[in-house]
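Same chain, two partners: chain A is paired with chain B first, then with chain C.
For the complex of A and B:
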């Protein structure tokens, strides 16, 4: 595999990162209301959240991607490939992040709610100053692990022509057929290399942040 | 609405044919991958570096690289090394690798959950290391791992949709094909999504029920 070949596939890194980051930010944001609906006292909101989460998780990501890109995109409104990838993966991320948030909420000691109330804190302050900072700390390691999975899922964006790592590996392997083995091995290695710092971060965050949550 | 339903009725047989292939690939990947996962789980705990390091490499690459890359490596990559696999074989090979890598971690956690006293008891009874694994540790560890393995099986069925990229006529490929012919992408893809959901949702509910049941029996 030539140096130019390596360089071409490596040019996919920014797009891989962009799709992963975009989808994660969208999902982390949408996950908050989804989680709120899930723990809501209203039966309708709770039911809706459960239905959304189940649907998002039990249909394969690539099917969501095609539904958005070919389904919505072919008749209802124009959807770009990158947008479709970010939104499809972002929606699935929202469902998973909602579950991660919910788990974190449950892990907060009930005494924290009682203490905030005993101090006479307004509801806003109770959430913003007491609960959310702790939820955030418990969430971080799971979120970092989830991002690694998302990074690998972002490879499906290659199927609709986003010029990320897998797409470029495919493109190059078609031109240099006799080197396709090394090309895909290199592409796979790139994903592993990108996920190494994320995995280290997850481990670090796990140890440090858990120590700062009231038990 | 009735137009949509009659369209679905005409396309359903093709999609069900695709679904059968999806299920076949899932079944084969699990049948090959889980035993390999058990072997890998034991191998990564081996004191011998000669066994441990290759096993670690297989597991880490299988978990670290996207399944899509493994699939394309098997289908487009291996021919350049002189190994020509059919789409079905490439799909089974790549997804077995993924299964082996992920399930080895699940099984390792299960084996570690077996109480230490069990191992000591086996040693005290004079079991050989192999018999200890075969009769004491593995049966109990696999029971602990069972719910997580079932959950993984559901993810594997979803992962077969990636085989679209290597032209295996599974469920998503069939739906896409019909979409290009009829240009009714939305309608066909919706039916495909419903078929995936029709398997995955009941399966998820079932796994959760099994998990609760097994929980009852552990102290």
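For the complex of A and C:
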């Protein structure tokens, strides 16, 4: 495999990162209202959230992707490949993040709500100052694990022509049959190289937060 | 200790009832208390003591009756708006069995944040007040640590300082020493006794019979959601009238 080959596959890194980050940000944001609906007292909102979460989690990511890109995208709406990948993975992420938030919310001692309310804190402060920072802390390790999974899932964007790592590796291996092993091994190594600092960063952040409260 | 029972009433509860589903946990509770009074509530567990306290600051909305507290009138069918609720809660501080400090904030932040958010105090002003209160409960040195590094007794004293920082008119204590070893509980009781001597109006749900008898002016003895006996502390504790109250006091006194 030539340097040019390596370079070509490495050009996929920005797109892999963009799809992963875009989908995660979208999902982390949409997960908040979805979780709020799930824990809401309204039966309708709760039911809707449960249905959405089940649908988003049961259908394979690649089917969502095709549904958006070929289904919705070919009809009324023009959807680009990158947008389709970000939205498809982002929606699935929203369902998973909603469940992660909900678990974290349940792990908050009920006395925290009691104390915030007994002090007469405004609702906004109760959430922003008291509950959310604690939920965030509990969420951090699961979110980090999820991002690493998402990074790998972003490879399905290659199926609709997003020029990320897997797409370029595939493209190159078709031109250089006998090099396929090296090319895909290199692609795999790139995924490892991206995951490692992500995992380290998450551990560092988690450790920092823990160390701070133990002061 | 006999205090001048203030002419001014600060709490008046009439016909208070509370259901959890079909289960009636408070039934026809009536009592009142004056400014500066210290009222102890005792009784077997499950008798509704916590629920009564939580109805007073509306952590639990009640199902029947009227509560007059610190100038707010709360009828079961006319709950307060969130705004009035927060005003009531500012005037009625609460201390919990499980402390409930905010674990992600330093001790100082725990005490200062509510002052900023509820009273609109500036950070510097709030911190100054917090440090004074932490000194008063003997924990000035802990201001910059996090709650996890404090013992249970220290956490409870911090929780008391946090509530006092909002200048409440009345303090509600729900078994403040039950989660603590007896010796550690004493340091919390000492702070509470000092508060009582300073004239704070207090309702204390407690299993500390010595505290109930010596620090409080009056005792309410509850069982099965009702007030069984009520009167001056020594009288209720030494000469209970009903057999149920006699049994309870016998059991706790011999412990």
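Note that the second predicted complex is superposed on the first by the 203 of 215 C-alpha atoms of A that agree within 3 Å, B and C clash if a C-alpha of one lies under 4 Å from a C-alpha of the other, contacts with A are read in each partner's own complex, and residues count from 1 in each chain.
Note that contacts are C-beta pairs under 8 Å (C-beta built on N, C-alpha and C of every residue); 3 or more make two chains touch, one makes a residue touch a chain.
In this text the structure is predicted, and so the values were computed from the model without any measurement.
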Simultaneous placement of chain C and chain B on chain A, clash or fit: fit
Partner chain in contact with A:122 - chain B first, chain C second, else both or neither: second
Chain B versus chain C as contact partner of A:156, first or second or both or neither: first
C-alpha centroid angle, chain C to chain B via chain A, nearest 10°: 110
Partner chain(s) touched by A:130 [first = chain B, second = chain C, both, neither]: second
Touched partner set for A:109, first chain B, second chain C, both or neither: second
Residue contacts on chain A - larger count, chain B or chain C: B
Partner chain in contact with A:187 - chain B first, chain C second, else both or neither: first
Shortest span in Å between Cα atoms of chain B and of chain C, once chain A is used as the common reference: 26
Set intersection of chain A contacts, chain C complex versus chain B complex: none
Footprint of chain A on chain B - complex, ascending: 60-61, 64-70, 72-73, 76-81, 154, 158-159, 161-162, 164-165, 172, 175-176, 179, 183, 185-186, 189-190, 192-193, 196-197, 200-201, 204
Residues of chain C defined as touching chain A within the complex: 57, 59, 82, 85-90, 93-94, 96, 98-104, 106, 113-114, 117-118, 144-149, 159, 162-163, 166
Complex contacts: residues of chain A adjacent to chain B: 54-55, 57-64, 66-67, 70-72, 74-76, 152-153, 155-156, 158-159, 166, 169-170, 173, 177-181, 183-185, 187-189, 191-192, 195
Of chain A, residues touching chain C in the complex: 109, 111-112, 114-115, 117-123, 125, 129-130, 133-134, 137, 212-215
